[in-house]
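For reference, chains read A, B, C and D in written order, and residue numbers begin at 1 within each chain.
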Amino acid sequence: MFIDAMGLILAENRKLSLGELTQKRALAALPFAGRYRLIDFMLSNLVNSGISSVGVVTFNKYRSLMDHLGSGKAWDLSRKDKGLFILPPNVLSDSLSSGGDIGDMTAVLDLLRTSHWTHVILSGANNVFTTTFDDFYKKHVEAGADISILFNQDGPETARTTTVLKTDKGNWVKEILIGPESRAGAKYSLGVIVLRRQLLIELLSDSIARGENEFSMDQIMRRHTHLRILAYPFEGVCLKIHSVESYFSATMKVLDKSVRKSLFWSDLPVYTKVKDEAPSHYCCGCDVSNSMISDGCRVYGHVEDSMIFRAVTIGAKTSVKSCIIMQDSYISEGCELENVILDKNCFLRPGVKLVGQAAYPVVIGKGAVV
Amino acid sequence: MARRDVIAMILAGGQGSRLGALTKHLAKPAVPFGGRYRIIDFTLSNCSNSGIGTVGVLTQYQPLVLNTYIGNGQPWDLDRNDGGAFILPPYQKSSRSDWYKGTANAIHQNAEFIDSYEPKNLLVLSGDHIYKMDYAKMLRAHMDKNADATIAVIEVPWEETSRFGIMEADADGRIVEFAEKPAKAKSNLASMGIYIFSWDVLKAALVADEADEKSTNDFGKDVIPRLLSEGANLQSYRFSGYWKDVGTVESLWQANMDILDCPDDLNLYDRSWRIYSRNPVKPAHYIAKGATLQNSCLTDGCIVEGDVDHSVLFHSVVVEAGAIVKDSVLMPGVVIEAGAYVKKAIIGSNAVISRGARIGYSSVGSSPYLSRICSDDITVVERGVRIREGAEVPGNCMVEYRDDIVGDNVIERRTQVR
Amino acid sequence: MARRDVIAMILAGGQGSRLGALTKHLAKPAVPFGGRYRIIDFTLSNCSNSGIGTVGVLTQYQPLVLNTYIGNGQPWDLDRNDGGAFILPPYQKSSRSDWYKGTANAIHQNAEFIDSYEPKNLLVLSGDHIYKMDYAKMLRAHMDKNADATIAVIEVPWEETSRFGIMEADADGRIVEFAEKPAKAKSNLASMGIYIFSWDVLKAALVADEADEKSTNDFGKDVIPRLLSEGANLQSYRFSGYWKDVGTVESLWQANMDILDCPDDLNLYDRSWRIYSRNPVKPAHYIAKGATLQNSCLTDGCIVEGDVDHSVLFHSVVVEAGAIVKDSVLMPGVVIEAGAYVKKAIIGSNAVISRGARIGYSSVGSSPYLSRICSDDITVVERGVRIREGAEVPGNCMVEYRDDIVGDNVIERRTQVR
Amino acid sequence: MFIDAMGLILAENRKLSLGELTQKRALAALPFAGRYRLIDFMLSNLVNSGISSVGVVTFNKYRSLMDHLGSGKAWDLSRKDKGLFILPPNVLSDSLSSGGDIGDMTAVLDLLRTSHWTHVILSGANNVFTTTFDDFYKKHVEAGADISILFNQDGPETARTTTVLKTDKGNWVKEILIGPESRAGAKYSLGVIVLRRQLLIELLSDSIARGENEFSMDQIMRRHTHLRILAYPFEGVCLKIHSVESYFSATMKVLDKSVRKSLFWSDLPVYTKVKDEAPSHYCCGCDVSNSMISDGCRVYGHVEDSMIFRAVTIGAKTSVKSCIIMQDSYISEGCELENVILDKNCFLRPGVKLVGQAAYPVVIGKGAVV
């Protein structure tokens, strides 16, 4: 109900790469589900929980995030003294060198130290789900845990970067494993934790003192074995994105009615930047099936099992099947696309044919002219 | 544009009774239009795109929706520190309290507000027109010609001149005669109800107009003729392009259908002159397998499983499998249930057309809801009513909720409108 | 705080006639206070600092200044996308149009607005109190006790109980009796006019109240007694700290003087609970050589060449060389010319006290401006008047501009107020 | 009247250093005149001229500027598609290296290319004056100049970085001299120019093509001798800041009535960030003379010929004479200060004595405890 906490989102994750899709943008800035970016979901979850102060930690790809987040207005986080803080690297006064990771952590520490909230909800941005943290927070406070961590039992296909929690029957964490082989009935961390602000300051300062240059709560928690860590189950739909393949399959899952309902049609709005596009126009002769299409599009051709972002044109006699087409792309007449991810602002000349496989979708980089 | 060059006042006070049930709960400028807009979005966006940062919206009839819709003005870039968007209802002064009388009286009652911005000129606009226009160009013309007032005019077909205020202008564009709805017009230049006044001149004219007991305190009927008779420098400003007054059910329906033709002079995809609006954040719309869509507009949050042809769907509209929608306007949250048939209708927000119901199925038929407000076989359904399963409503009906609908064979009950 | 927990409604409709000329042109909550604020800043800042993002301001009397002052709500961090600050004047519905009657009627008339935010609770506030209070704590108490209504109370001296609504509460804080301005009070806990209602409960009570023809539609007089008699769970919430109703000239003057004592419980320098305000951007104030300043507050844009003692100066006040100002409140833009003397006065915005004039020079004296509204030798000068050179105005005067001041030996003319 | 132009402010100037005062902040972010920063004046001049789109070009000290400017709200430049653009260095995708100057220029070019204004008003931020550019712009357009440049005849004491314009009688520029010896009747550039956006794009592209890494319009104009350059006289008060000494003396000039009037009491407001400080409190026993004092201060002691920024405390029995005391500084009891510049957030213990000379003021860096 009354969450006395601020939010902190780690917008980048060096362990995860989505190839060309994250080469020039932070993972958190990855477009998703037609009109969102990944960070919209976590930001909305925090805001819908009544949190009014959120820091976004970036390393070096902060431009895409700054463009998207702006002053935080779209999430109602444009406030006078609190609101949204984008924490880009600390470029030191007279040199452009360094900055780097410890710089990131000191900026985070500065923000934490000048805040007055009792708790911090710390999270990545690569899991997509819609919820509030009311119960999670309440349970954390009531149980008297040092750290509480959200989990579910829906494991990702690949295990390399997965954090598995070993707990007792009361869900108290006994062990934290990263990418274990055996995963029967495993509890997978969703990378969302709540802890006292003061404790986070201590843990971070300790890491900095040890000369560590990476912000890994997993590592930190494994070191501090005296901490009482509680695992809290998340019951809803959660899409996990850690590779191009899982990004593609997560998108296809969004077309499913129950997933759409869980993500978008609860009482909790998912906020994102407003673009003021016109309505989408379905022209005579178009043919659309099992697809999501955003505002500002013009559809003349055939679209099936696809996710179409804003202001896309699908030309006549073109077939788009099982594709992700990002904002402002233009697909000319007579093209044939299947299992393709088209990044923003691409232009496909008439008659282009691109066919991938569901497990290996063809990825076309931003602004490409094909 | 410098702040003191001009501020705008939008007349949004009319009850809009010719729109019937559509304006029962909201002012006409707040009526949804064109898939994701409300009527006033066009005027507000024109102001913002023209660089005008202070806009007063004069309203007194059902302003709640308009008030919360406009809010801080942010969607139109009108959340300014010095200026911005203001809703200006009538208020009690220490000596007296009046509702607005005519259009001119509404401006007169807000003279103190206008004065506080010390504008050189005042742009007076109507809140219920659909068009894109650069007021900065008109202001430039006004200033270049050193005019006391400049009136935007548009050519209308000669046979329609009797519906408009008609201007006769000399070769230089100076207005020499003005006739309100003339039986026999000397010109086909109609006033668009868009005026730029030098504020000093207008202020004096308003004081004189208020003192005149015979005046109806209206710009077209009283103030403009007064200025003309006093020899003021009244200039005409020619506009050509899409412009439509959406004051009637028929013109509102027609203007929505016009959007589907993507007219060049009302290009909603033009990023250099966007029409802004405030919208709830909804996901992209979803088109199911088996749905068909032809020549239609959709916005966020729609779910289409049935057949939609030549129609405008606002956000969060649901068209279930087997339902057919033709030549219609479905406002936000409308649900067309399986097997229902809707033709040439304007369905108000959150209304539900139950299974098998038929709206506008025929141009003839009898119904207690037949209405003189509706014409051309268009049918209107009030927001938030649920039409009974299998009910039949012919064209030219205005389906309105009344407190006593026991035994009504069209409306089942009221739904909740948010 | 989650959005639907609570929204706030500020009652700002009163004419404030006990402030005489100070509220001739603006609503009481808009009266300047404490050097850089207006009275309503305290309530608005309390809302914002308590995490309440949706605030309606109910006003009908001279709302212009308040309207432009509050604007988009940005200075108080109330420029929200879903919510924010709203001015809510009365309006015409399709069936009827009414000005607000009592405080409860004002809320009732805006039930639709409130409903549109679906709040669980409604915080009802007054717009003319000076205090700092965390409403979130009060809301927590309200919810913890599962109350239907929670009323903030403060201990007042027993001899003053007859001026207040007095609550009697049991050991757990539940209100068992309520007496409006009792001759003989059973308790010294006075209602502060700050209520949290469970919205469902209040809505039902308002409907019943409206149906009651004998009701004056007032919270204190009608709605609270009604709830109490119906056995509703009414809780008291104890507040201790600085709290002042500034409804009279004397209390307004006293509250300004209190600021000069920097009371701990109204600490304006506390950055964790700032009092926000909207102010024009002016340069730092300038203190000339030869000026003296003792125990006074100044804000931006002031220029002081004379002597200022125990006074509150708003922005852009000028005190010329040789002028003396004591125990006074000088609102924005006031000019005290050389050699003038001002004591125990509240001088309205942009007023000019000409050379050698004396305001409040004595507690006795005769003047056509002596007023029963003023007491304790305080003198009030209306905004925007120029006091004649050498004029003498004794204490307890209310110097007001009238249209016919020919031959007046106090007021020379009107100055321009911006 | 209708200025069809955007603004571009160069927030840093590598030729000018104000020592510790600009070590960690851009020159444009230097606090000035009690509650402003230098950039406030140029931003206000642009906004007061009706310009609604301004780019601020920074090199590496953009943090101080970002904190001050925020979303541009205070200058009413928080707009949807235009408004305020802070152009920090382009940190390239996967490396923190380089960025540097050409990066800056490409960011500027991007902004210029996507704008639709016909002209650009380009300016530094080290000159303080209050005006609109209406007449300057009008004259530029009417005269058909390629570039117009603002000047006055009030030369700075030191000449090293001064740009002097040699003109004919019609004020057409014949020669541009940098730091010349002979300066009788010289026309000093105020570093404010207006030119067509397209021309600026051409000139900048040309510089980039030549591998230049500095944004010097002087140099560019000297190279392109075919350009018709018009000099336009500025008649009002202009304070020029190019050294600690000139910063100090400019501040002292602000105390002068005519200068105050020209900068602050025209019809044109000088906008700055609002801080919501309480009124300043003058306590019993204080003694203030010929000084400007901002909001939120508490004054117990003696202040003479000084400029006091926001939320400063001057203790009892303390004497502050001919000083600049920046925001949030606390001066304890019994101190004696003369000709001192105290940067933000300093703390002076009781009884501290600091005395400099007008030409060599003592500068105490930000956050110092003395």
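Criterion: a contact is a pair of C-beta atoms (placed from the backbone, for glycine too) under 8 Å apart; a residue touches a chain by one contact, two chains touch by 3 or more.
What you are looking at is a predicted structure, and each value in this text was computed from that prediction instead of being measured.
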| item | value |
| --- | --- |
| More contacts between chains, A-B or B-D | A-B |
| Label of the chain whose CA centroid is most distant from the centroid of chain D | B |
| Centroid distance [mean C-alpha coordinates] between chain D and chain A, Å | 40 |
| Distance between the centres, which are taken as Cα means, of chain D and chain B, whole angstrom | 47 |
| For chain A, residues that touch 2 or more chains besides their own | 73, 78, 80, 276 |
| Numbers and ranges of chain C residues touching at least 2 other chains | 74, 79-81, 274, 276 |
| Complex contacts: residues of chain D adjacent to chain A | 23-24, 60-63, 70-71, 73, 78, 80, 89-91, 93-100, 276 |
| Chain B contact footprint on chain D (complex, rising order) | 1-2, 48-50, 52, 73-74, 76, 78-81, 116, 132, 134 |
| Chain C contact footprint on chain B (complex, rising order) | 15, 24-25, 59-64, 67-68, 71-74, 79-81, 84, 86-94, 97, 99, 112-113, 116, 418 |
| Chain C contact footprint on chain D (complex, rising order) | 33-35, 73, 255, 260, 263-264, 269-272, 274, 276, 278-296, 298, 303, 307-309, 311 |
| Touching residues on chain C, where the partner in the complex is chain A | 1-3, 5, 51, 53, 77, 79-82, 136, 140, 143, 272, 274, 276 |
